[in-house]
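Note that the chains are named A, B, C and D in the order they appear, and that numbering of residues resets to 1 at the start of each chain.
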C-alpha cells in the first residue's frame, strides 16, 4: 500500500521473493557448473541442473512457505530441483551456502540501481554546486541565520557526502559462501557468480554483512541530510527552493509539498535501526547461528530497499529542484568568504 | 522467500497491502456513515460511498504505486472513490486521518491472531509449569550449572512473561484519527470502528504509537527469552527437551534442530530496532510530520509481523516440546528449594 | 565535558556511581533488617550490618573496579561489608538480587526529579495552551503553511503528550529482587524498600525492564516533539517564539539560539536506541543472563539520564518561551476551526 | 559502579572529561601555532595561548557545566583561555571546529589501546588456530552437534574476524574541522594534530562519523561472536574450554564462570544501538545541526568505551583460555575435512 513511497526505484524488484529464488537457483547452477568443470559430476548432469534453475519454473509463494520446514528456503529449493532431476543437486553444500550466496547476489544486483540513483543524485548536486558556486545564501546554524555562504557550497557538501557513500558501497566486499555442513569444505573449483572468493567459509564470521550494513546506513544518512536541507529550504517562510513536481494533499490541493524530499527522508530514517539489527546479528553461534542468522534476511532486504528508495527520491528531488537565487540573495549582506573556492575544491575532488 | 519462517501465523495477512487498503476504505465508509447520521450528507450518498469501500474492487498494487503522488496512499484511494461516485467522499478529512485510522485498524486486526498465539504459548507454558512443578532440573547461571530448581519454575517464568506481555498488548490504546487538514476538527459525530475516540487529534502526538511499539518489543523479548531457553535445553550436550517436529538440514538430514524455537528467536531479534525507529519517529514536525510520519508505516507492519511470527513459532515450539525429565533429574543432587511453591504462586497469579 | 548539556536536572546524581553503591548497600541493609524481623539473624547482627550500609564509608571507584572480579559489583560490596563485620551479610541472596534491586531503587530515585521536570514542562505547556487558546497561528503540514489553527492547540498537544508520558512513567512497576542463586527462594519476609514485591523472582524475566525502557522512550519522544516545534518556530524566518535565555556562539555572539530546546532534542534523540538495547537484552539465558544481563546497566542509567535531561531542558525552554502573537497572527487569514474548543477539551482531560 | 566490567582497558581514560578537555585545548593550541606560522598572529601570542592549553590548569567539572551556556563546551573553554590571555584565542574558528576536532582527537587516542587489545586478541586466536589446527571438535550448527571440524578452524575464524575489524578501524578517516561560523573558511595553514585535512569543512556532512561508527559496530560484532563461542564451549555440559581465571559468585563461590567472555559479550551487545544513534544523527540541519550534532557526543564516547572494553575482555578471555582437547576429541568420529588446510589459508592471509 506504500510501495510508491517506500519501495521506489529499482531496488525493490531486486530483493523480491522471485529475485531471492532466482539467486538461490543461481547458486545451485553455479555449483553444478563448477563441479562439472572439476569432474565431480558430468556435464550432462550439470546441464540438467542448470536447465532447472529458472525461477519462472516455480511458485515463489510455495517455496517461501516451504522455508518453514528446515527454517530457511534452501531446503524447499533443493527439494524442488531433486523432484525434477536425478542429477546430484546441491552436492557437498549446506543450506547456508545457498542462502548466504543468494543474499550476496541479491545485494550485488540491488546495488546496481541503488548506485545509479545515488551517483545521479550526487551528479545533480555537483551541477547545482557548479551553477551556484557564487550564489549567496544565508548560512544557518542551529536553524538560526548566521553568516553568508553560497548555495553552491551547500550543494557541494551534498555531493561529497553522496559520492563518498557511493564509493564505499561500490567497494563492498561481496563473497560467495561454500563451506559445507560445518564450514570445512575447501573445494578445488570456484563458483562463477561475479562474487569474491572468500579466504575461508564465513558462515558465522559476519564482518561482511556488518560492513555492508554500515555502508548502507552511511548512504542513508548522506541522503537524509540532503533531503532535510531541501525540506527546510522549501518551508513556506524560507522558500529558497521548491520541487517543481511538488505534491498537494487530499484536503488542500493548493499546497506544494516537497514530496520527493519528504519521502526520501522518510525512507532514510528507517535505515539506522536496520543496521543495528544486522550488527547485533553478527554474534552468531558456533558453526551456524541459531536465530542470529535468521535475523539477517529481512533487515538486509529492507535496508537495501529503504536506502535505494531514499536514493531514488533524493535524485528526483534534486533533479526537479527550482532554485530561487533572488530569494536567497535577499537575505544576505556581507561576503561569502571562501565559499566559492571551497566549491571548486570539492568539485576537483570528485 | 522467507515467508514460512518470518511471516508465520495470522498477522502477515492482516498487515498486507490488501489489508491496509481495506482499512483505508473502512475509514472512508465509517466517515460517510457518521456524517450521514449527523446529517452532513444524505443516507443515499453514504450508501453510495459505503458500497464502494470493498478492497476487492481495486488493484492493490496500483493504489500502492499511486501513493507516490502525494506521499501517502490516501490520495489514491480517495481518487478511486471519487471516480466512481459524485457523493462527497473524504469530506472534512485529511489524508493523515485516513492513514492513521487505517494503521490503528490494521493493528487492531493484527493483534487478534498475535494475541491468540501469545496466550496459547503462555497457556502451554503454564501447563508445563503445572506438570513439572516438582521435576528437578539443574539451574544454570551465566550458562554454568549452579543449584537445582524445577523445570516447572522455569516454565512458570515463561508463562508469566508471556501473560504479562499479552495483558499489556491487550490494553493497547488504539484510537481513530479525525482532525482535518491541521487538526482543528471537532466533529459532532463519532466513527464506528471499534477504536477509541481521541481527546483531540493526535496527528503529531504519537505517544500511542510509541507505547504500542514498546509493548510489542516487550512481547518479542518475552518470546525470545522462552525460545532461547528451549534452544539451549535442546543442545545435543544438554538434551533435556526436544521439539517433536524438529527439522533436518539439506546436508545433514539426520539432525533434529529445534526449528520452531530458532525461528521464534530469529523473529524476536528483529523487534527491538523496529521499536527504536518508531520511538525516533515520534519527533514530528508541527501539524504533520515531514518524513517522520512516513517512517512509521513499514516498521509498524514489520514489528507486528515479526512479533506475531515469534508468537506463532513459540507456541508451536512449546506445543511440540518433549520433556526428558530423566535427563533433567540425572544432573541434580540436592533439593529444589521453594521452586514448587513458587510455581503455585505463579499459576495462582494468572 | 558535556555534563551541562547532556546531564542536566537531577537525574545524573541519582544514577551516579555513588548512587548505585548506596542502592546496593540499601539492599543489604533491608535484607538484614527483614531477616532480623523474621528471626533469621539477631537484631544486633542486623544493626551491625545496617550501620555499615552508608556509601560514604567506601571508595566508589575501588568498588567499581572490583566489579571485574565476578562480573558485577555485588561481590565487591559484600566483600567490603564482610571485612567489617562477622554478621551474616547477604544471607541467602545472590549478586543479581542485589544488583537488580539496586537498579530498581536507582530508577525509583531517578524518576523523582525526572517526573518533576516532566510534569512542570507539561504544566507550562498547559498554561500556554490556556493563554493562547485563541491566538491564531498558521498550521504547518509537511513544513508547508496549510490552514489556521491556534498556538494554544499546539501547546495543548504538547501538554497531553507530556502528561501522558508522565502518567505512564509514574505507574512503572518497580519490584525488588530476591530469588537466591537460581531463583528458588521464597522468603517469609519482605524487603522494606518502597518497591513492589514480585510474584516470583524475575532474574531472567525482564518485562519490567522492557516496559520501563519503553515508557522512557515514549517520554523522550514526547519531549523531542515539543522541543522540535520550539526550534522550528524559533527559526529566523519564522520567529513566532524565542527563548528569552537563548545562547550565542563562540564566533557569533549576537546569535540567539534556542539552546534549551536544541539541547532537549539532542538528549531525546539518544533515547530510542537505548530502549532497543534494553529490549534486546530481555532475551536472557536460563536462570542468569550471560552478557544479556550485563548489557542492561549502562543503557538503563543513560536512558534515565538522557530522558531526564531532555525533560529539564524542555521545561526550561517552555518556561522561558516568549510568544510573538503578532507575528503568528500576521500569517493567518481565515478562521481557526474548532481549535479553541479542542484546547478546552484537552485541558479538561488533564 | 560497573567500571571494572564496562570500562575495561585503556579506552575509558581516553574518552574521559579530562581527555575531551585536553583535546579541546589541543585544538586551540594547534590553531594558534598554525596561525602564527601563517603570520596571522605573533609567535608570542601563540606561545601565550599554547602555554595555557593544559587540562590540568582547569576544573573539568566546571568547564563541563559551562557547556550549558551555548550548548557545547567550546564556549567555556574559550572563555577560560580569554580570561588568562589577551592573545586572540579561537581566532576565525567556531565552536563546532573545536568540538569536532576534539572528537576526532579523542577517537584517535582511544583507538590506540582499543586496537592494541583487538590485535592482541586476534593474535591469540591465531596462535590457538595454529596450535589446534588438527584438534578435532564437533561442529555445531543451530546449536546441535553436526559434523567434525577442528578447534583450530574455529579459532581461525575468530582471528580473521578480529583482524579484519582491526584493519578497518586502523584505516578510519579522522580529519580535523576548521570551517568557521558557517563552513566558509579555507585557511592558508594546516593544523598539526596528526589528523587528515578535510577537502572542505564537514560540519554537517557526517559520513566520517557514520563510517567510524559502523567500523566500531563491526568490531564489537566480531568480538561478541568470539566471546559467545567461548561462553558456549565453557558450558558445564560442553566443557571443552575454560577461562583459567574464571570467577565465582556471591552465593556459589565454587562456580567457575567465564567472566571475561561474559563481560566481553555484555559490552559488545551495547554497540549496535549506539551505531544506530550515530547514523541517525547524520541527518543534520543546514550548516550546524540543531540537536543532531549534540546527539553524537555521548554515543561516540560510549561506543568507543564499550567496544574497547569488549576488546580488552576478549583478549583476556583468549589469553587465559584452557583448551581441553581430550574432551573435544571425545565427541568426534569421522574426519575433519579440509579444516586443517583452511586454517593454513587463514593464517597465510593474515
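Here is the rule we go by: a residue touches a chain if its C-beta (ideal position, glycine included) is under 8 Å from a C-beta of that chain, and two chains touch if they have at least 3 such contacts.
Everything numeric in this text was worked out from a predicted model, so none of it was measured.
Student: Out of curiosity, which chains are bumping into both subunit C and subunit D?
Tutor: Touching subunit C and subunit D alike, sorted by label: A, B.
Student: Once you count every C-beta pair in contact for both, which comes out on top, B-D or A-B?
Tutor: More C-beta contacts join the chains of A-B.
Student: When the centre of a chain is set as the mean of its C-alpha atoms, what distance in Å lies between subunit B and subunit D?
Tutor: That pair's centroid distance is 37 Å.
Student: So what's the Cα centroid distance for subunit A and subunit B, whole Å?
Tutor: Those two chain centres are 27 Å apart.
Student: Can you list the residues of subunit A that touch 2 or more other chains?
Tutor: Touching at least two other chains: 71, 94, 140-143, 146-147, 180-181, 228, 231-232, 249, 252, 257, 262, 265, 268-269, 272-273, 276-277, 280, 290.
Student: Flag every residue of subunit C that touches subunit A in the complex, lowest number first.
Tutor: Per the touch definition, subunit C meets subunit A at residues 140-147, 231-232, 234-238, 249, 252, 255-258, 262, 272-273, 276, 280.
Student: Using the touch definition up top, name the residues of subunit A that touch subunit B in the complex.
Tutor: 1-6, 8, 17, 20-21, 24, 60-61, 63-76, 78, 90, 92-95, 98, 180-181, 227-228, 231, 247-252, 257, 259, 262-270, 272-274, 276-277, 280-281, 290-295, 297-299, 302, 306
Student: Which part of subunit A faces subunit D closely enough to touch in the complex?
Tutor: Against subunit D, subunit A makes touches at 71, 94, 139-143, 146-150, 153-154, 156-158, 160-161, 164-165, 168, 180-186, 199-202, 204-207, 210-211, 213-215, 217-218, 220-222, 224-225, 228-229, 232, 265, 268-269, 271-273, 275-277, 279-280, 282-290, 336-339, 341-342, 345-346, 349.
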